[in-house]
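The chains carry the letters A, B and C, assigned in the order they are written, with residues numbered from 1 in each.
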Amino acid sequence: MSAVPAAGAGAASAALARRIRAAAAFAAFTALALGGFVWSVSIGPEHIGFWTIVQGTFVQGHSTGQLIVHIIRLPRALLAVLCGGAFAVAGAVMQSVTRNPLGAPEILGVTWGAAVVAAIATTIVPSLAGVNAVWLSFAGGGAAALLVYGIARYGRGGMSPARLALAGYTITLVLWGLVQGILIAFTQDSDKFFFWLVGGVTTAEWRQVHAAYPWLVGGFLLALLLARPLNVLALGDDVARGLGQNIGRTRFLALVCVVLLTGAAVGVAGPIAFVGLIVPHIVRKFVGNNHLVALPLSMIVGAALVLYADIVARHLDSHVEMPCGVVVAPIGSALFIYLARREKVVA
Amino acid sequence: MKKWLVAPALLAALAAAASAGAVAAQKAGFDPTCGTARAASRTVNGTLGSLTIHGTPTRVVALEFSFVDDLVQVGVRPVGVADDNKPSEIIPGIRAKLGAYTSVGLRSAPNLETIASLHPDLIIADATRDVKIYNQLKQIAPTVALDSLQEAYLPNLHAAVVIGQAVNRCGAMARRIAQDKIVMQRMKAAVMKATGGKGETRKAMFVVTTNNLWNVHSNLAYTPSLLQAIGIPPANVLPPTSHNVGNPYIVMTEEDLLNSNPGIMFVAKQTPTGTLYDTWSQDQLFPTIDAVKNHQVYVVNTNLWSKARGLLAGEQICQQAVHLLYHKFVSIALPDVSSS
Amino acid sequence: MSATPVAAAAAPAVPRLGRPGLVVIGLFTLCLLAAFGTMGLGAVRVPQPHAIEALFGHGTPDQVRTIRDYELPRILIAFLVGIGLGVSGGVIQGLTRNALAAPDTIGVVKGAALGAVILLLAYPRAALSYLPLAAFVGGIAAMAVVYLVAFRHGGTTPVRLVLVGVAVSAFCESVIRYVMLHEAKGIGQALVWLSGSLASIDMQSVYQILPWIGVLTPLLALFVYKLDVMGLGDDMAAGLGVPVEWTRRITLVIAVLLASACVSVAGSIIFVSLISPQIARRLVGSRHGLLLPAAGAIGSLILLVSDAIGRGADAPIELPAGMVAAIIGAPYFVYLLMRKL
């Protein structure tokens, strides 16, 4: 950087450079996300004119074209934005709290808790299938998260990032075994469940958007409130305690935030893997570790990622509009391979 | 050309066309007559290989519902059935004639130990599902693998023929298939009559729906090709490439459904509530579909319409379709046919 | 070989069979008991004394056939695959110094699964004898990719191996899901294979896997001391004269070959290779000479019991052994976590 005598000016220009870079990243990704949104709403099997699309986005109207845009395409794009943002922010919070670059909501067992409940709902007790999917997802995901948290905290030695990851992974394996068992013992239609498992917004509808968005908005707000405490926590447990922070409460609230965001998103879109793992890394590359900036940017990047993945997934196969998870996963894991090789995964 | 040549020429052309049609029908694998009389030792051709059977098998294990149907039609009761551990999935018409049997587990993963303990002398396996255990099945008992899962109407019918040959009820099966043809002709005639001789012009969609899937069966799958045989055209047609023949389903979003806009819809719901049908039928776009506008949406029994696929099942499906569409009850009582 | 000071310090001239050694022997005895004890538990029940007699040919033809043709191969496979997975997991956990590392997370199992799924779905009428080969090749290929990607500046580090392994695992999983959605017809079969079921095992599979276990496991015995030393850290080990990268490479290859062979024969059984070494470590300590055999024995034990439950609990439905292992094993593992991590 600059030589020592000019340190003051050097630091200021460095901070300015950072701010400019952050602003540029925000602008670019927001444009990307908006572009993805518009594109998603404009394509589909039915050919609909531009002006009808614009009208349909804002007003339900009566013509078939407008109705299609408003009832079918719009909720799909919105759900992609909301869930993409949710998984991304949840991933960022998780990685921060666990100080583990592999941290993802999947690790906490939330996605699998939700999956088990969904499996039960659709097979043993078919009447549950109509109940609000988001509530079921919370029940399952929340229970799994509590279990993981409890194990990590109350065993000997107290909670640490490694214990949390290990506990989560184990619970995930158990739940996976349970899900398989339920599928095999009770039904031969496991392929239908498999479709959901990949995660996507293919059959999105307003009902799901309405069900999820209060929780998601709540989760986003909680995340933003936690931004500063997470910044402090990142300095290390002892430093944070020294600065007067209640670490236990911060961690607990962070986990609540993750459960809210992930539970709601999984309830409506299934477990879209890798968004929570990969988006925080991309974001960190542009804006560093400041959560005040990184969390909102994660939201935007996550939204963009899922939107574009959904668009690509729609055109992969002639028989079926594949769920977007099918696209996110290979891209996410390929990117992850690249990052892992360069060991750029230190939080 | 001399005028007197026209009529014989036309007749000759017609005859040529007719025999070409017959040859094509035979090439499609549908051979309605067994040819020779009761044979002590005969070779049957399954999809995964041929099998030489000696004598008459008395202890048969069937690994698909359609095979059970076909067996029961010629009076053979299998001792073992792969019924996914749910006897209720077998349609009532077959269950009544089935009597007691031992369940051998899931259709997708039948239990070899149980099958062996039944001491079968013939196993009828599914050519798609049981590929992996085919060799082991052959070690237990003579095994023939036939098409049932995801295959269209004619291959399923062909499977019935082979089953007849395998259990040495060739004549009985030939009779039963002839009866089936007549019943199908009755259905077709009813369709013709109800549409004033023009035939059904509306297209029918057959879909199996769950809480997150709208799984349309294309013309390459069983039910739509069955309905096509009695004159109800399918709404969703796929070119018969090898990929499509193996995957004859189309998963649709609501927009795809609107785009397809079928005139008739037969909906099989996997669960009583909470399926996409229950959800989509509530919104404002659903009534724009032709089938909905004209009240031609029918919710049908999943076990019968999508899982069963045998001789009796096919007849019952057609009977229900004709009844639902034209309010005509066509009997599927089996007519008398002279033995061949 | 290792330098003399290391050999002298780490290996007594005559190995004493202290308590840990007895534990290992005890574990193997338990395996034998489990093997015989679970005979007769299946879709066709054969009550106990008759089951063992049937093994030697005495009893009704039905009983003899059930035990010899159906249960014996499964029990043998459970035993051998359990050893293979347990030992392989132990080696990989030692190499990566990460308790979460196992053939499951490091790419082998998922790579093998990808190979199997591609064969089952894209070429469904191909000869089934190719299935184990496809799985085997898949596992090796995935691990080769992991190693090559993780290789930088002349070597790999444990952290990089694990991370790249997880990433490659996930990549394979994503491709598996795409293939399964694209070729929906075979999905049921693929799911059965992926769940790790010993349901249609015959003696053929036993002959296929016996040479791998029989040759590779004793081979690992040669590296036991080097592995112990490498556990001290790369620099320490190099300082003590252990060829770090070479050892890492070859033990990794052996572990991957073992795991691939196991998965190719039994389907993707996860969890066994993950927890067997963990439990073994608590019972006999971290020295590989005792840890690996113990992990193998525990792996066998878990699989033997899981397969027995899978066979007999809900006949004629088969519960896959891998799934049963996950369900029973995990609570105990959670208990261990709370006690001692």
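In this text, contacts are C-beta pairs under 8 Å (C-beta built on N, C-alpha and C of every residue); 3 or more make two chains touch, one makes a residue touch a chain.
No experiment lies behind these values; they were computed from the predicted model shown.
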Chain pair, A-C or A-B, that carries the greater number of C-beta contacts: A-C
Centroid comparison with chain C (C-alpha atoms), farthest chain: B
Cα-centroid distance, chain A relative to chain B, in whole angstrom: 45
Centre distance in Å when chain A and chain C are each reduced to the mean of their C-alpha atoms: 33
Multi-partner residues of chain A (at least 2 other chains): 184, 188, 195, 319-320
Where chain B touches two or more other chains, by residue: 106, 108-109, 247, 249
For chain C, residues contacting two or more additional chains: 184, 188, 317-318
List of chain A residues in touch with chain B within their complex: 44-46, 60, 64, 67-68, 71-73, 122, 126-127, 129-130, 184, 188-189, 192, 195-196, 202-203, 205, 207, 319-321
Complex interface listing, chain B residues touching chain A: 84, 106-109, 210-215, 238, 244, 247, 249-256, 258-259, 270-276, 278-279, 283-285, 288
Residues of chain B that touch chain C when the two form their complex: 48, 85, 103-106, 108-114, 116-117, 128-129, 131-136, 149-150, 246-247, 249
Partner chain A, residues of chain C touching it in the complex: 99-100, 149-150, 152, 157, 159-160, 163-164, 166-168, 170-171, 173-175, 177-178, 180-182, 184, 187-188, 191, 195, 270-271, 274, 314, 317-320, 322-327, 330-331, 333-334, 337-341
Chain B-facing residues of chain C, complex: 42-44, 62, 65-66, 69-71, 120, 124-125, 128, 131, 183-186, 188-189, 192-193, 197, 199-200, 202, 311, 315-318
